[in-house]
Amino acid sequence: MTLTAHHVVLPVALPLLVAFLLPLVGRLSDGLARLLAQLTTLAVAVIALLLWPAASDGGALVSAMGGFAAPIGIVFYADKLALMFVVALAVGLLLFRPRREHDSTKVQTLWLLLLAGGSGLVLSGDLFNIFVFYEITAVATYGLGASAHTGAGYGASLRYLLLSALGSAFALLGIALVYAAAGTLNLADLSQLAGERLTGPMGLTAFVLMVLGFGVKAELFPVNTWVPEVYTAAPTRVTAVLAGVVSKLAMVVILRLLVLLFQDPAALGFLLLLGAIGVAAGELAAFRSRDLHRTFAYSSIAQLGLMAVAFSIPGHAGVLAGIAVALHHLVVKPAFFVLADRWRGEIAGLTGAGRTSPLAAGLFVLLSLSIIGIPPLPGFWAKLMLFKAAIDAGGAGNLTAVAIILAATVIEAAYLFRVVGILYGTAPAGRPPLRFTLGELAPGLLLGAVLIAATVSVAPLGDGLTAMAADSADAAAYASRVLPGGN
Amino acid sequence: MKGNARAFASALFLIGLGLMLVTLFEALPFGGAPMQVGQAIAGRALEDTGATNIVSAVLLAYRGLDTLGEVAILFVAATAAGLVLGGAGRAEAQGTPAGFILRAAAALLFPFLLVLGAYIVIHGHLTPGGGFQGGAILAAAFFVPLLAHPASPVNHGVATVVEAFAGAVFVVIGLAGLVGGGAFLVPLLGAGTPGDLFSAGSLPLLYLAIGLKVGSELAGLMARIAAAGDPARQGGKA
Amino acid sequence: MTMDAEMLGKALYAGAVCLVLLGLYGMVVPRNLMRIVLGLVLLESGVNLFLVAAGFRADAAAPILTAPFTAQAAGPLVDPVPQALVLTAIVIGVGVLALGLALVVRVKEAYGTLDTHAVANRMARETGADPAVTAAGARTPGALPVAAGRTAEDAP
Amino acid sequence: MIWLVLVTMAVMLAAALAVIGLRSYLAAVAAISVVSLALSVLFAILRAPDVALAEAAVGAGLSGVLLALTLRRVGLWTPAADDDGEDRP
């Protein structure tokens, strides 16, 4: 079977179909349902990879749903950026797939719906459709956040739901403003109208509302109070996927909004401000945290702040830096959470844990070095690109952001090395050693291997990302692909 | 001290948002929306789909993917609520049966609501209403007897089967477009004669699927929340 | 006619903004989680009203064709797109509401309270954190030295 | 028409104020159903019959039932009770 542009809907339709049928299969056998769900996730990754060559030939695959051409119907727009995140999501969901557990089928169903929602989020080229997929993703994460069946899980999930629903209402208000002003919801169509209809206070208000809405999942500054609560109370594999992949998907949406709709300096400045505050507050809070889950949750806030700073720099250099930071964090943070799962409780209680499980401690050191930005590792290149883009763009705001990020890096190094010091300390006598089984550590080791592979092949990787970023930052190309006739 | 700071921040936030929205008061085109897309759709919906209810045409044809997403959201919410509140079939007997009036009313209401819901679902492409509104009424039809006879067990099994097949039918109708070499959710079966019950191609089929799915999901949600918790402990003040 | 239409539009917008602000107040100020849920419902209603108002035209008919079933015979129609969006938003709203209420029931069962601060404190205690440190930036100034000191004491 | 809209809107906003102001949860839930009903009337006036039907069935009907059921489950099903404020364990 050859794939056409219309098959870009499969990463959404296939998991939805299987998810709808999964409760029935689960009545027959939980194991069968699990197998089916995992095969579907694998199939989505394969389909996205098969679409990749076609997307890189023509720049992007565009499919108009129902055959109704662009401004009237909903379009899916699959460029390399979107396909890459679909693959990342599917692989992440496979890597941290639910094990045999209570209510396995329900968790698997939510897992598939997370896949469908997340894929739709990055593929869709319609403002309201993006909102719908955002809600699917959000509701699936509320359920998964509570799936540990603890009081803390319920509480964290409920507080997250309320904050996120508040954000969604804001986002919908922003979308309503855009529609009231421009009369269309298609991103390509809007990008052509943005210059005249979405400027001034109207455009800025709509942007602020939408950033506050989608920013809940992207862990942006004022709406990220759920992060430490949910990340400590949810099962670790859920946390790994949320912090690793799902937050980036929301960030991709914000990137699309910025590139296509709001190239307004005020909008960019607003995002820069939120990002810089996120970096500073996140690293400070991470420094003060006394257990690994919270440390990594706050560090995740800081890393997404870095992405916001990068995306707020106009031109493709900023987009490139943002994508690089995103990909790096996508690999590193889930691996960190794999380690945190076994090393629970106060960090001080981990004294000597590095000696009983040297492999895990070695992985921790590798990840720490990369996330801090020690030269040969990928994290260094990501931060370097960010600094270069910010300094080239100039301006007081960007330079202040660079200063804040440098200071935050020092704090980051301080708390991570503090943990390393404790890990290699001398264990008090009589305490049972914390050991990882190989199965527990395997996803982390795999991600560590990816990190090392990326270090070795940094040059081709950089070239590929540069091309991808240049394409993603090109609003005119987006519009001409979606609206071939032009208007 | 902390409480004050929070109240202050909240007040500031409220005032800021209010001001922001008030400044837009002058900028928005009222009473004469720009209707870039809406105008085009209003003009061609009948030829494209054969539905006389243009909102239905938008929901099922032009923005069919939104509607699929919407169905999916209800499904996610129902699944997640099931996960949170415990497995299916945990509908323990609770409380005494309701009074005579409620029981009699329930017996009368059930067939009436059923017919009304079904009517609204299958006429969705012609008149106001459709899968969602009708589905909600169907859900109410199945919930009213439960209110009257709280001890009756909830059969989540049938609901699961209906729900699964209804959802799958929607996606399969969508995928049928792909098999034909077209896009997802291409309207099938031709437009027919506008105004007829059997017109508008695959749209009534989609609405039927939505109605059944939404109805069973909402009914399940209500039954779950009604049965959740331990009434002896929680309902002490009732 | 146009004057009237504009008045109507502005009145609708003002009503929607009022509802949004009331809902927001109801979500930010009360401390009981059930109250916050009620605020959310109000907020969503306000947004829905705004969306419908955005597509309203004073001189147009409802977007439902009557015999003889031609778009031309019907004259101008109200914008159908925002109506479809609101329908979607209403259904999404009820889904989120139901899940939220399910969680409310569970939180009440687990902690016996619906006070959001009390719940946050109980959660922090359950996951092994200092109750004073629940949100970024909301710490007491003295927390840092205490934390560092405890690390040093526990080490030997 | 404008007067009809204004009156409906006044009812809606008064009910919304009641939702926030009333101490009893039962009364607040009743008030929120009134908001939804008024909103539904408003939608009908604004020539959105589909939305009006949905708001009446889903907003006023289903949401109200869900909220009331929850009140019963969490023990707030009383005309006067209100556990706002400090109830630390």
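First chain written, first letter: the chains are A, B, C and D, and each begins at residue 1.
Quick note on the criterion: a contact is a pair of C-beta atoms (placed from the backbone, for glycine too) under 8 Å apart; a residue touches a chain by one contact, two chains touch by 3 or more.
These numbers come from a predicted model, not from an experiment.
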**OP:** Consider the two chain pairs C-D and B-D; indicate the one with the greater count of contacting C-beta pairs.
**Re:** C-D
**OP:** Report the inter-chain centroid distance for chain B and chain C in whole angstrom, where each centroid is the mean of the CA atoms.
**Re:** 19
Subject >> Between chain C and chain D, centroid-to-centroid distance (C-alpha), Å >> reply: 14
Subject >> Euclidean distance of C-alpha centroids - chain A vs chain C, Å >> reply: 23
Subject >> Junction residues of chain A, two or more chains touched >> reply: 128, 132, 135, 139, 142-143, 146, 154, 157, 180, 183, 185
Subject >> Sites on chain D at which at least two other chains make contact >> reply: 48-51, 54, 58, 62, 66, 69-70, 73-75
Original post:
Considering chain B alone, which of its residues make contact with at least two other chains?
Top reply: 21, 28, 33, 35, 37-38, 41, 53, 55, 63, 66, 69-70, 73, 76-77, 80-81, 84, 128, 132, 218, 221, 225, 228-229, 234
Original post:
Touch graph across the chains, line, ring, star, complete or other?
Top reply: other
**OP:** For this structure, give each pair of chains that are touching.
**Re:** A-B, A-C, B-C, B-D, C-D
Subject >> Footprint of chain B on chain C - complex, ascending >> reply: 2, 5-6, 8-10, 12-14, 17, 20-21, 24-25, 28-29, 53-58, 62-67, 69-71, 77, 79-85, 87-88, 90-92, 94-96, 98-99, 101-103, 105-106, 108-109, 138
Subject >> For the chain C and chain A complex, residues of the former touching the latter >> reply: 20, 23-24, 27, 33, 36-37, 40, 43-44, 47, 50-51, 54-55, 79, 81-82, 85, 88-89, 92, 95-96, 99-100, 103-104, 106-107, 110-111, 116, 119-120, 122-123, 126-130, 133-137, 139, 143-144, 147, 150-151, 154-156
Subject >> Parts of chain A lying in touch with chain C, wherever the complex brings them together >> reply: 128, 132, 135, 139, 142-143, 146, 150-152, 154-159, 161-162, 165-166, 168-169, 172-173, 175-176, 179-180, 183, 185, 224-225, 228-229, 232-233, 281-282, 285, 288-291, 293-294, 298, 301, 344-349, 351, 418, 422, 425, 428
Subject >> Contact footprint of chain D on chain B as seen in their complex >> reply: 53, 55-56, 120, 128-130, 132-133, 136-137, 139-140, 143, 218, 221-222, 225-226, 228-229, 231, 234-238
Subject >> Complex interface listing, chain D residues touching chain B >> reply: 48-54, 57-58, 61-62, 65-66, 69-70, 72-75, 77-78, 81
